[in-house]
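Across the two complexes that follow, chain A remains constant while its partner is chain B and subsequently chain C.
Let's turn to the complex of A and B:
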């Protein structure tokens, strides 16, 4: 009886520990994108993973950073230990304490302080700063491994070598180093693991255009997890398990062997491996220098900051090929995050793609540069009506060129919602409790509540906002989740019945799931324009103008439309759309009647922003 | 006396403000077996390390063969060291250990192989070329350390308590080995130890050190038989060291009893110390000696009996081949030649001054 209970208990523990990983691995072979539906077995995600340049690039960065930082930290850490041995015990203890600080310090503090230091010193954040940061936090791990071994070394051994005629360096290399080697190697292994594992410090020191695996995955996850990431995580898990088992097996064998044999082995290991280690280090340092050169900002680089999956990657490649300009492409999750980044470093990006109200805000903060229209001849393909609409946030069209536009509405599943959808009210209908997805964005969430009550979606009246906020709080129990890009996948996977969504997502989702339907509610909604702007302190404004011009070329605009399915304001491109139902789609190009009841967001000013974000916090925390 | 080889001149050395050596002067001659003897912390190892080049003196100079080598790095000195804990290179086999110095000097392969054979034969470790240091006993390891040093044909071999980590029997064997080696090699040995027996057994010349000063130098016989002060007397062998008064030349009052002695020139009624070795105290039946006493303890030591005799308010240590049982009433008698009279220092500082003077 008792043993049965024990077994069940063990079973439960194992399930808790491994169920998540098992789920992950199963999903990585799932033919369907949905988490809720099994679409048959496939290796597709693994193949896609290795075809994804960005991920492979991030993987390469991770490995290079880990190797170079490990080697540097191992050398510095070991030499520090050697130096410390020459000190008195008291000073040694103090210095050991100080060098341990990066290890016991919260990563976030280390990360932020390193970021600040690099800023103050005017370091270009990127490969070099991440490398320096990793070396910094790796040194204590090396010292932690080497120091105890160092203390056991008989100082006479080194003196004996000198006594026999060896120069100091030769004596160290021939006598102390081989004795230290096992500890040095284990310290290096630890540093390597720490470097690969690190996210927080990397995140704060990486700047724009550079990602390691951990920051890359984080970016991906923010925008809705792609199954490629399941595949990648599964691979990482398997590799870690294999390494773990291998090292455990190695240890066991070591212990069972006789001491002399062990010494022989260690000796062989050190001799040969020191040579290999040296060659390897040399290669990696060369590689690092090469990559350091690549990542150091060159004259003809363009830093682009865009929303997630908001361009056909091929377009970027074509631009690079045609112009010879290197594009460093970063993605943001929400406009608010983008703005924060801009405030942090207004020269980090040359060209960005925000929405209407955010452009107004950037203009009012004097953060944008006037466009040189002579350099953007292709702007002529942008429809007159969109330029006119843009004047609402960019009077005179001086700063922006429209890229996409669309409405906000409700995407619903015909099989799950049997009634006609006409009003925002349906999102407050208890029938659909747990089936509703809201946008995790301040303006869009409030827009829904404000429009439903018939208020202006740009209101700054505290009373009206309070009502809207109360409505959103009351709605909370019905809402399955506040999401951004995941809404699309969840709706395709039929995990929810109703979602607030941008019209640009509709064509794509309908392609994947025929049951989905889109509606702009009759109370009215938001019509928005996303447009390209050049930052005030852009370091390569010429390239930025070329970029915008390139995106205005009808064939390029069409490629982007095919890829992202957001309505293009490029009239020439629209005419080239082959499928008639899409070219004249009510969703992509709604009629006057729909547009009449929609309005654009207006920048609300500093006070308005504060009011909204305060209310938003209340909504998100459940009204307390 | 043979030619001067090493001279230390006015050597001063302190660590962390603590004076280890103070104005030390020492001359070492060619082909001598010199032992620096003293308790731990007396400065003997520091002296050796200064000769080896591992420490730089704060003041003073070191001469080797007439050349000033004070600032010369250890790898450039024509001497080699055998360390207390062997300090073998644990990741190299015995042959590689021995070849270490020769390889640095770019000797030919044949030369090195010959030397390894020769050295291993010299230290009785033939056939051990490819063993690892950790598979050897302490005594064997120490011999490898010696072999590793001597293949470089140093003019001087420095040995820092080389037998300290060995057990008694092995230590005695190694003492003879070292003497044999020294004779075969015909080079100078500078040997550091705190073991007076080792020093007396092996040395041609002993330098007794304490608290950074040389207390006495001389042949083992001089040091043993005629210690110049109470420290040396106490440190070298067992002794009866007794406060006494020099009545006049050739007469000393010990424990209120006058003893005839051979020492002169101490003045009259001067406080002195006398040293009488335990084997020089004669026990005779009551009435036949100078001082009356009673045996309080007697144990058999193999070669002799060791007895304690309470006489004149002092507990005398006596070595004799003849046993007097505990409780036996005896008289004590000392041959005048066996009474060693020394100046009695009033303080430690004076002790030092007396010796330097």
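Let's turn to the complex of A and C:
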């Protein structure tokens, strides 16, 4: 009876632990992108996974960092443990106490502290900083495993060896090291695990253009889950289970041996282990370096920083092929995040694609470089009216070339919203509680509330903003989630009925789900322009100009339009759009009546920005 | 002996230097940023900012959710640890390994799995709908965050509890029973006290990451629920107020230090025994 209850209990926890993983594995074979529907068996996601250079790259980075940091931490940690035995007890306690800090401290604090260090030292964040951070938090795991074993080792054996004429190193290798080896290996394994699993510390210490698996997944997830990630999960799970079961079986066999036999075997095995481990790691490091592009030439590189899914990946490849320039392509979620990154390191990127008000801010902070228009002949394809509108934030069009433009409005599902959608008011309608997706970006969220009240979307009047913030706080319980790029997938998957969205997402979402409809509310909204700019301290401005010129080429602009479906200001490209209903789409190219009620964001100055971000924090945390 | 002391110094000095540069100095940096304003002059306002309703609420919420998660983890892990420890001789370590194995899956993938399960049109609701049962609405609520925390950190509770349970000498239990203690008395007077160090280290390993997480709350809370971790992360990545972010981190460190002291005290007690 009792053992039955125990079995049931174990079963329940077992299901709790493995049901989610099983789900991931099942979904990795699901032909449908939807998570609630089975669309037939497919290997498609696995094929796509291996074609996705970025994920493979991130995987390679993860392995290199884990291996190199483990080896370094194991060497430093073991040597320190050996050395500590010769020190006074007091200094030993102090050093062990300091060693405990990274283990007990919260990852977020460790991550931030290292980020501040690298910033102050003007270290360029990237591979090296992540590696240093990983070594730092790995050493304690090694020492924690090795130290107890070290204490049990009898120093007399070592001294006896020395007395018998062995040189110190030889004596150490022959007497101390064999006993220490199992502990060293288990410490190394622990360090390796921690390094692979780490997200937070990597997140704060990684720079531009560098991702490990964790940071890559975090970005992907925030954008909406791609089934390739399920395939990746399944592979990782299978590898982990094979490795662990193998090592568990191994240990058991050892335990069942008699003590002396075990001792000998352990020695023999560990030596063999070390050899195998060394060869394997060398192979993996070399392979990973190959895939990770460590050997790649670093000369002609271009660092591009763009919004999420805002380019046809093939365009990047074509550019690389035609110019021989290596593109390091990074994505930001919101303009505010992009700006924070720019302030952290203003030379991290050569060419970026912000919106109107942010360009004005960057110009006012003297963070942009004037364009060399002779190098961008294709700019002539950009419509005259868009260049004129751009003068609002970039007088004289000196710094920017428009890339896309559009409006902000409400995307809704006709089957879930029966009434006509005309006003922002519907986002405050309790009928749709839990069905509303708001934008997780400061200006857009406030724009909705301000426009609804008939205030200017660029107001800095604290009273008006307070009202808008109160409205947003009142709306918060009705909101399902604050999202950015995820809105698209969630609306296609009918997770929600209404979403605040950029007009550029509409054509794509309607293609995937016929029930979706878009509306620019009658109270007015925002019309925006995203444009390419070159950073002041760009390390490769020539390549940046080439990049902008390339994107202005009509055939390239058309490719991009087909892929991202954001309205292009490139008139030549627009004329080449084949489907007439898209070329003349009311959504992509709204008429004067719509544009009349829309206005552009302007840069509000330092104080305005602080005011908005303070208010936004209040909204997000649910009250004043 | 003098020679060996020299060797010791030689062997430990690289690590001591490493500690200085990558542990001590960075922490000083947090103190420096947290105690100064943008102009670099001394201020306590970044620390006292924790009293602002926005920050205070997120700290309290983080405390509540992480305490709930830790308690749930404990009550799930202890019985499991006992079952596993009891069977350690008969069945193999493989069973134990299986319960700790999810720990080796990437942390974000584990959280992603729950996103997939709990979404409105997710797997759980899909199954419920198929069975003609009413759907659940958990995603983007504090409940979802607690589930995520428990799932992610449960192995960290199981492992130390299992370790300390399996280290208990069977004879001690038998002696207690021989001396007339019933099952409850044996458990509360013998087993439980002997596993206190394991429990404490389990609590530390669950509570601190849960209190300071920002990824779980972002992924399972729909960016709607801000924990103190989210606030700090945003000060660095969004609002660009490093001083405030560092100041709030100092407040977090207070909780970590409390935790350290508690575990140190219990550790030394354990050694006395």
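Points worth noting:
Keep in mind that, in the parts below, the second predicted complex is superposed on the first by the 518 of 624 C-alpha atoms of A that agree within 3 Å, B and C clash if a C-alpha of one lies under 4 Å from a C-alpha of the other, contacts with A are read in each partner's own complex, and residues count from 1 in each chain.
What we mean here is this: a contact is a pair of C-beta atoms (placed from the backbone, for glycine too) under 8 Å apart; a residue touches a chain by one contact, two chains touch by 3 or more.
It should be emphasised that the depicted structure is a prediction, and the values quoted were computed from it without experimental measurement.
In the superposition on chain A, A:15 contacts neither chain B nor chain C. Of the two partner chains, chain C is the only one touched by A:95; chain B is not.
Using the contact criterion defined above for the overlaid structures, shared-chain residue A:83 touches chain C, although it does not reach chain B.
Look at A:193: by the touch rule set out above, it reaches chain C but stays clear of chain B. By the touch criterion stated above, A:474 is placed in contact with neither chain B nor chain C.
Of the two partner chains placed by the overlay, only chain C lies in contact with A:105; chain B stays clear of it. Of the two partners chain B and chain C, more chain A residues are in touch with C.
Judged by the touch definition given at the top, the superposed model places A:167 against chain B, while chain C stays out of reach. Contacts of A:242 after superposition: neither chain B nor chain C is touched. Across the two superposed structures, the residue set of chain A contacted by chain B and also by chain C is empty.
Residues of chain A touching chain C in their complex: 6, 9-10, 13-14, 16-21, 23-24, 27, 34-37, 76-77, 79-80, 82-87, 95, 98-102, 104-110, 112-117, 120, 132-133, 135-136, 139, 168, 193, 196-197, 199-200, 204, 213-214, 217-218, 221-222, 225, 229, 232-233, 236-237, 240-241, 244-245, 248-249, 251-252, 334, 336-337, 339-341, 343, 434, 440, 476, 479-483, 493-496, 613, 617-618, 620-624. Those residues of chain A lying in contact with chain B across their complex are 88, 154, 156-157, 159-167, 170-171, 174-175, 178-179, 259-260, 263-264, 266-267, 270.
Chain C contributes residues 4-5, 7-12, 14-16, 18-19, 21-27, 29-30, 33, 53-54, 57-58, 76, 79-80, 83, 92-94, 97-99, 101-110, 112-117, 119-123, 125-126, 129, 137, 140, 151, 154, 204, 208-209, 211-212, 214-215, 218-219, 222-224, 226, 229, 231-234, 236-240, 242, 245-246, 249, 252-253, 256, 259-260, 263 to its touches with chain A in the complex. Chain contact summary for the complex, chain B toward chain A: residues 16, 52-54, 73-76, 80-81, 83-85, 87-92, 100-101, 104-105, 132, 134-135, 145, 148-149, 152.
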